[in-house]
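In the two complexes below, subunit A is the common chain; its partner is subunit B in one and subunit C in the other.
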Partner chain A sequence: MTRTWSDLDDFQAFIDGGGMVEPNDDMPAPYRDEVFRFIEFHANSELMGGLTERDWIPRAPGVRLKQIFLAKTQDEIGHAHLLYQVAADMGLKTRTEMLEQLFDGRSRFHNVFHYQAVTWADQIAIAYLVDAAAFASQRAVFAECTYGPYKRVLKRIVSEEGFHMRHGEEMLLRLAEGTDTQRSMFQDALTRWWWPAVQLFGPDSDPNDPLLRWKIKSQTNETLRHAYIQKYVPLLQSYGFEIPDDNLRFDAEAEDGKGAWLTTDIDWEPLKATMRQGGPDSRRRISTAAANYADTAWVRSALEPKPVAA
Partner chain B sequence: MTALLDRVTAAVGSVHDPEYPGVSIAELGLVEDVAVTGDRASVQMIPTYGGCPALNFIAEDVRTAVTAVPGVEVCDVEWLRSPIWTQDRVAPHVVQFLESEFTVTLRRTDGTLVCPVCGSGTVRDTSPMGPSRCRSLAYCDDCRNPVEVMR
Partner chain C sequence: MRTFEVFLKRPGKDEFRHVGSMQAPDPEMAQVLARDSYCRRGEGDQMWLVDRSDVVEVDQEVLATTTDLAHRTNDGSAVAARRKQLRAEGAS
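For the complex of A and B:
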């Protein structure tokens, strides 16, 4: 059953009425373009994130943590696999085109995967802070998400990311309850990762963002970022860590007397640099991913169906 | 004594799978045996996959739930190596819930797959490796949704 809409107003009425778009529908081209771009970005981010975690499997201290990183890597690569399938199915780029453009440095992925994880504590900061930011942003997409196949994949991704956050919390508490060296390792990592994690939500949303209008996103970037800061500032402080922001303050009057944590004005230049592949570790990350893709070409080739000689 | 065993069994049944919120570990067929001796409970469980990274969390959640039962001081949790978990351990109503909520399905006894989204039989396997040890990937050619299969 192919559904069609006479124009964008007709389509908007369908979306506003709680409608869900399916792959066999004759969806408006602007919707297809925007949703495709969003899913491709998400898929790229899952893949780059999975490769980051893979780097730490041999270095994770202890068998149990290796097992966790192995499983998380499989999760992220599996998510990328599902998302590339949903994206490719929209007919704008093949899966191979998406991968080749990513490894050529022509595609975008989350800012946080453009930075270097210096020590094991960085990896814990990623598992605790970055996974939580990604989880919050994915959950907000899942909340509405008018593209059916994406919403179904997100349901599982969000369930699994919730489980990853438990790992992150457990690993953080081990360091927080550890020696002075371990605590200062985490403090250094927090200083490196706080702003990239906060910036993952992106700058304030354009009020005309079509992704909001078409209910792919359910909340603005600034709403999600604000909620994240309110949650994680007091949590990290309660563990005795310091947020790297000299102007951070609690305004008891804010939000009708409910009070809110206010940060310094965010410098968005680092985020913009990552979108141009000009982040501190962008080049190495992309070339490592590209080398990995080249090294595994024989596997893809072996899986290609080949004619059998009679 | 039996009343205490019932309460402990109910506590074990209240623990949800970390990857399927809304589905209990009992409904997934992970619980093999529950016993109580004095103030000590012991729970024997079967993992879907031996290398599953959720095993420690599940065991921790079981211990927390069971030691909250008045009269229980200690709870031992053991993961058994046999019998092995098979998909017929999943309660039928849970299969339906997994299909509708998570787009996760189970292979029918004749080996075929049915799409949990549209009910079509044109589902093909796409990868033996899914995002989780216990799931492989498939795709429905009719409604064009990726599907995951418990294995």
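For the complex of A and C:
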């Protein structure tokens, strides 16, 4: 007998009591659907992110940075592997179906991987700002995460994203302390990447978001986004860079006198466009990923078990 | 493809822990792929791979028979109550 629950209230009581769901449980269909969709989105994003990273290996300046980007690429693709396995075990789609739908443009992935990285400084902005945003949101999922297999692989993923971010900050410092050209390269990249990174957290959460209720997410989108802005605005300013927001201001009265950075109202249209594969670089990104999948078909075929000769 | 459950033991006194699952055509390839997926930075010095089809998941009904067996544990409350009573008597 697998574990089962009489209805959603009974299941909620299990979750509220600190329960952890495992793959063989007879979990409620809405939980299976929502959690699967969330993990599939995460897996797709890791894969698309890893492929972006890979593009920059040949162009990374110097052997050490090439090694770092090789290792990071392997990490991101590795995360995708772990997550696709967890998602496939939920029984809704096979790994192959998920990949084929991603390469057909029928699946979603993080907004930030729908934009083009123009210069090496963009790649640093991604490694620093985007990885930090992804790290913050993944850590908030790991904090509670009621789906056991997801929580177990997140442990590894979160720890690796942690030092990816430190790599990012180290690379940023080199540009910040570099020549005027290097500084202006990073400023341009920051101007391109600030809003996509902030938008990665998504619009304000629906108060009835089932993922909050079922403790997959431990924090609302707006809470995470706000904390991110409070941390990264002063940090980037301290390196002498300018946040591309004319209405950005520090309100000393905000939050009971603690003070807070307030931004302009966020335009969510660019985020929505990426969810329809209508981002500035969506088409090229997806076709590159599809071509990579086709190019590596021989590896999958070589791994197929061979029939044993009689 | 076969699915393997991966258990990793960190160097030192930690116990083996389930860290995830993975697919491989055979146990030999599984070792290489498990290392690449789960142990790229010395996260463990021992690893077990278990073919998922060999895992016996214990029936909930078999496990759910121990809640009324209070005599198998002792939470110390009887001794604590007795001591408290003795202290109260000594103080009076």
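Here is the rule we go by: the second predicted complex is superposed on the first by the 306 of 310 C-alpha atoms of A that agree within 3 Å, B and C clash if a C-alpha of one lies under 4 Å from a C-alpha of the other, contacts with A are read in each partner's own complex, and residues count from 1 in each chain.
We adopt the following convention: a contact is a pair of C-beta atoms (placed from the backbone, for glycine too) under 8 Å apart; a residue touches a chain by one contact, two chains touch by 3 or more.
What you see is a predicted model; the values in this text were computed from it and never measured.
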| item | value |
| --- | --- |
| Partner chain in contact with A:L82 - subunit B first, subunit C second, else both or neither | both |
| Partner chain(s) touched by A:I68 [first = subunit B, second = subunit C, both, neither] | first |
| Touched partner set for A:P305, first subunit B, second subunit C, both or neither | second |
| Partner chain(s) touched by A:N24 [first = subunit B, second = subunit C, both, neither] | both |
| Broader residue contact with subunit A after superposition on the shared chain, subunit B or subunit C | B |
| Which superposed partner A:R166 touches (first subunit B, second subunit C, both, neither) | first |
| Touching partner for A:T2 - first (subunit B), second (subunit C), both, neither | second |
| First (subunit B), second (subunit C), both or neither touched by A:P149 | both |
| Touching both subunit B and subunit C, residues of subunit A | 24, 71, 74-75, 78, 81-82, 85-86, 89, 149, 152-153, 155-156 |
| Sites on subunit B touched by subunit A in the complex | 18-21, 51-54, 56-57, 101-104, 117, 126-127, 129-133, 135, 137, 139, 143-146, 148 |
| Residue ranges of subunit A in contact with subunit C within the complex | 1-3, 24, 71, 74-75, 78, 81-82, 85-86, 89, 95, 149, 152-153, 155-156, 303-305 |
| Subunit C residues within the subunit A interface of the complex | 1-3, 18-26, 29, 36-38, 40, 43, 57, 59-61 |
| Contact footprint of subunit B on subunit A as seen in their complex | 22-24, 64, 67-68, 70-72, 74-79, 81-82, 85-86, 89, 148-149, 152-153, 155-157, 159-160, 162-163, 166-167 |
